[in-house]
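To keep things simple, chains are lettered A, B and C as they appear, and every chain counts its residues starting from 1.
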Amino acid sequence: MTSVLVVDDVHASYGRFDVLRGVSLRVASGELVAVLGPNGAGKSTLLKTIAGFLAPRQGSITLDGEAIGGLRPPALLRKGIAYVMQRSSLFPKMTIQENLELGAYVRETTDEVRTDIERVPALFPRLAERRRQRAEGLSGGERRMLEIGRGLLLRPRLLLLDEPTMGLAPLVMDLIFDKILEVRATGTTVVMVEQNARRALEVSDRAYVLEQGQTRVEGRGEELLRSEAVRRAYLGAGTAGR
Amino acid sequence: MRGRVLGLVLAIIGVVALGVFALDAQTPKEVVVGVIIPLTGSAPGTGQDCKVGAEFAADMINGGVKAAAGSALLGAGWNGIPSLGGAKVKLVFADSQASPEVGRAEAERLITTMKPSATMGAWHSGVTVAIAPVIERYRIPHTTVSTATELTQRGFQYLFRVGVNAHQGGEVLFQYLDWVARDGKKWNKLGQLHEDTAAGVNFANAIEEMAKARGITPALRVPYSREQANMDSEILKLKSAGIDVLVQTSYTSDGIIIRKTMRKLDYAPALIFSQGGFDDDPKFYEAMGDDANFGSKRQLWSPALSTSKPILKAINDEFKRRNGRDMNDNSVRYFTNVQVIADAINRARSAEPSAIQKAMVGTDLKAEQVLLVHGVKFDEKHDNVLAKAMVAQVLDRQLKIVFPAEAATAKPVWPIPAWSTR
Amino acid sequence: MTLEIVLQSVVSGLMFGGIIALVAVGISLIWGVMDVINFAYGEYLMWAMYLTFFLYAGAGLDPLVSVPVNALVLFAAGVLTYRLVIARVMRGPIFAQLLSTFGLFVLLRYAAWLLFRPDDRQAQSLVSNGVVKLGELRVSTGELVAFAGSVLATTALFWFLTWTKTGKALRAVAQDREAALALGIEPDRLYAIAWGISAAAAGVAGSLVSSFMYVNPLVGDVFLLPGFAAVALGGFGNVYGAFAGGLVIGVVNVTGGTLTMPKVKLALVYLVFLAVLFMRPRGLFGGRRQ
């Protein structure tokens, strides 16, 4: 299989805190890969490092065979890595339309880009009618959709999603997962950090489980779902009442 | 025996030689006089006028002004200070930059490095007030033309005011108002517009006192800071209060802005009376053109006085030949400053500051001996009891004396014509 | 105190306020985009006035013609200031940031004092001496042109911020620096642009007032405090509010001075400033970011 992304034994720290202590994973073209694990395992930090907000102290990251460890976000965006943060990252006082336009910032403003900006709301119909509305007026689910839509404007090679369903109501969560699958269906490779492990495993092709900054488990989505050990250790909290 | 005679002769020669040198040492070749004026800053034209006025006087005292020969002017016909064997007066200048802090520092620097026998300055009342304690501390006799009342109320022994103080300067306004009233001119309200440093504040206080003493209630007093750009509220306030006799103290830049704003807002009181400042500066006339007309001021000199003092015309012509313009209040006052100092040095027969100070106390110069319209004689507070002023009005862009009648060269225009007619 | 006098004072206040508004927009842009207070802003204006004066004295250039020249030169100066000074202190504590612009203030002022002497200088313009009558109300042509120029410059800036890609990127960086970075917007580059624009605004203001104001090393003081009061009034960081705030402060200054005593007109501005800070720190138009 051709790997789009290869993370090899990456170590990264915030000041004196070593958060990633040797994480390795690989993602194939067109895959939807989930990254799971308890709080503090380093999942978000992993995405931040791939996205260029943190430089790896040790180890390597390659995209389509090209080393990208240590490059900063603007450069990575030009290589086709789009990153949707865990926290809300819309520009609150700017309109939905303007937020989308900024998603294509690193691309030359051409007709192609303009068409893309038209198309995204089609993916997210609820946003289409309210283009001129300020982003701060959106609900949690709508925000997430806009953020993902904005990320797509890059026509990214790789889409990184950090906890896309966090804090959302169950029905909205389903909506988001549906959208993520739609995105994957267009051929975009997606790496997704998720707190809701069960649902994540249900939709992804493969998954990694991180613990204390290291890769603990790796496998196909259904396998991990069925594994007793995994279920007991990691699926308890997210599965109550389902 | 021959050795002892030789030794005695040598000793005598040595003593005589020493004596000759000693005599020379006691009679200086020149007397240093310090001048602290605003050579740069908000009124550089003014500072230049004071400088050339002082230099002109020093040159006359040192024997370089033939035009003065034969006149009663003190220092005419001299060739240096007579009682000091013709020692030349040497002026050294320091720039106050129109700032009290800089003026004080410069005064101190000048005194400690140049060791002058006497000093004069600083034209801006605010600066003079700042340097007065320095002068007093170093005990250097100092003449000034600044009008700030406080300068002679703090017991300074070494400061002497040669020109009018605020009261003497303001006195002429009331005499003038009485005079025009006899001509049937009426007015309603007296108001004041003044910059807020020592010059403006002191004069405004004096005017208020004198007005009240005459039963006139000043209707409005508008102080302002010179640092601001916009005079609209000030002029609107005066216009709104119906002030028709306006007493103004301004320096050049603010004077220009004020006059322009008066024109813009169509405010023309019957009388604008200034104590001098902006309207002594050639720059004001350059900038305003015809709009400078009809303002009046307290005036201390006029070349037109030469009918009563013929020498004034000759002196003014010589000054004009050297400097390209007539003398004005500033050059005349600084000319007189130098005269007063030279006179004191001469009577003291010494270049020692303390001796000069003692002599200066007894100054008694008649009006013919100086260029100002009045003589110089100091009271116990060191004000000049003889100081008085005239009123001049700007007519055809020139200052012409309009009061008192005996010195007048033109009839006053009252009231100031409305802007729309100009 | 007639109605006519009051109306005149309002008009005069608006004219003065137009320039304060431009100054406030310049200060507010930096504050909004990067949380830095530029204490030296008045000094940039002063240097811009000197530039205008020397172009006039040396090449006979009418101050109005030097508007674009000033804008370009000051833009460069702003970018330079950012790269040499601000970029470094932004990594440090807030205190260092405040001190650095204060240090610039001192440097620029005393350099001017040393180089140019404290004399008042004034350039002359075609519009220096006229008076325009609007019914019974009167404004000098210099002020009117300055007001119009200020409105034009501010409109151009607002257009830039609203409709251009770089302008939107600037607003994005102001609202969420990290999120902007995640979209490939380089904050450092935009900060430099913001400083350039802010300084250019001072440059334009300097040219506009040169037709009726004297320049000396201290002239920055005339604009700085009213400028800050306007920024506070408009809501720190709200560029549109700053413009409106400037007009209000101009009127407070002149009309307030006329109705009470002219001597206190600056004190009135201080009062408004303090009142806003204590009672409604968000300003009249609220909002922390634009």
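Just a few scattered comments:
In this text, a residue touches a chain if its C-beta (ideal position, glycine included) is under 8 Å from a C-beta of that chain, and two chains touch if they have at least 3 such contacts.
Not measured: the values here are computed from a predicted model.
Each chain gets a centre from the mean of its Cα atoms; the one farthest from the centre of chain B is A. The chain closest to the protein's centre is C, with centres computed as averages of CA atoms. Chain centres here are Cα means. That of chain B falls 41 Å from that of chain C. One simple way to say how far apart two chains are is to compare their mean CA positions; for chain A and chain C this gives 44 Å. Distance between chain A and chain B, defined via averaged C-alpha coordinates, is recorded as 83 Å. On the chain C side of its complex with chain B, the touching residues are 1-2, 5, 8-9, 12-13, 16, 117-120, 129, 131, 138-140, 209, 212-214, 216, 218-219, 221-222, 253-258, 261-263, 265-266. Remark: chain B residues 40-42, 44, 97-99, 196, 222-225, 227-230, 232-234, 236-237, 239-240, 252-253, 257, 260, 263-266 touch chain C in the complex. Within the complex, the chain A residues that touch chain C are 51, 53, 72-74, 77-78, 83, 85, 89-94, 98, 101-103, 105-106, 109, 150. Across the complex, chain C meets chain A through its residues 165, 168-169, 171-172, 175-176, 178-186, 287, 289-290.
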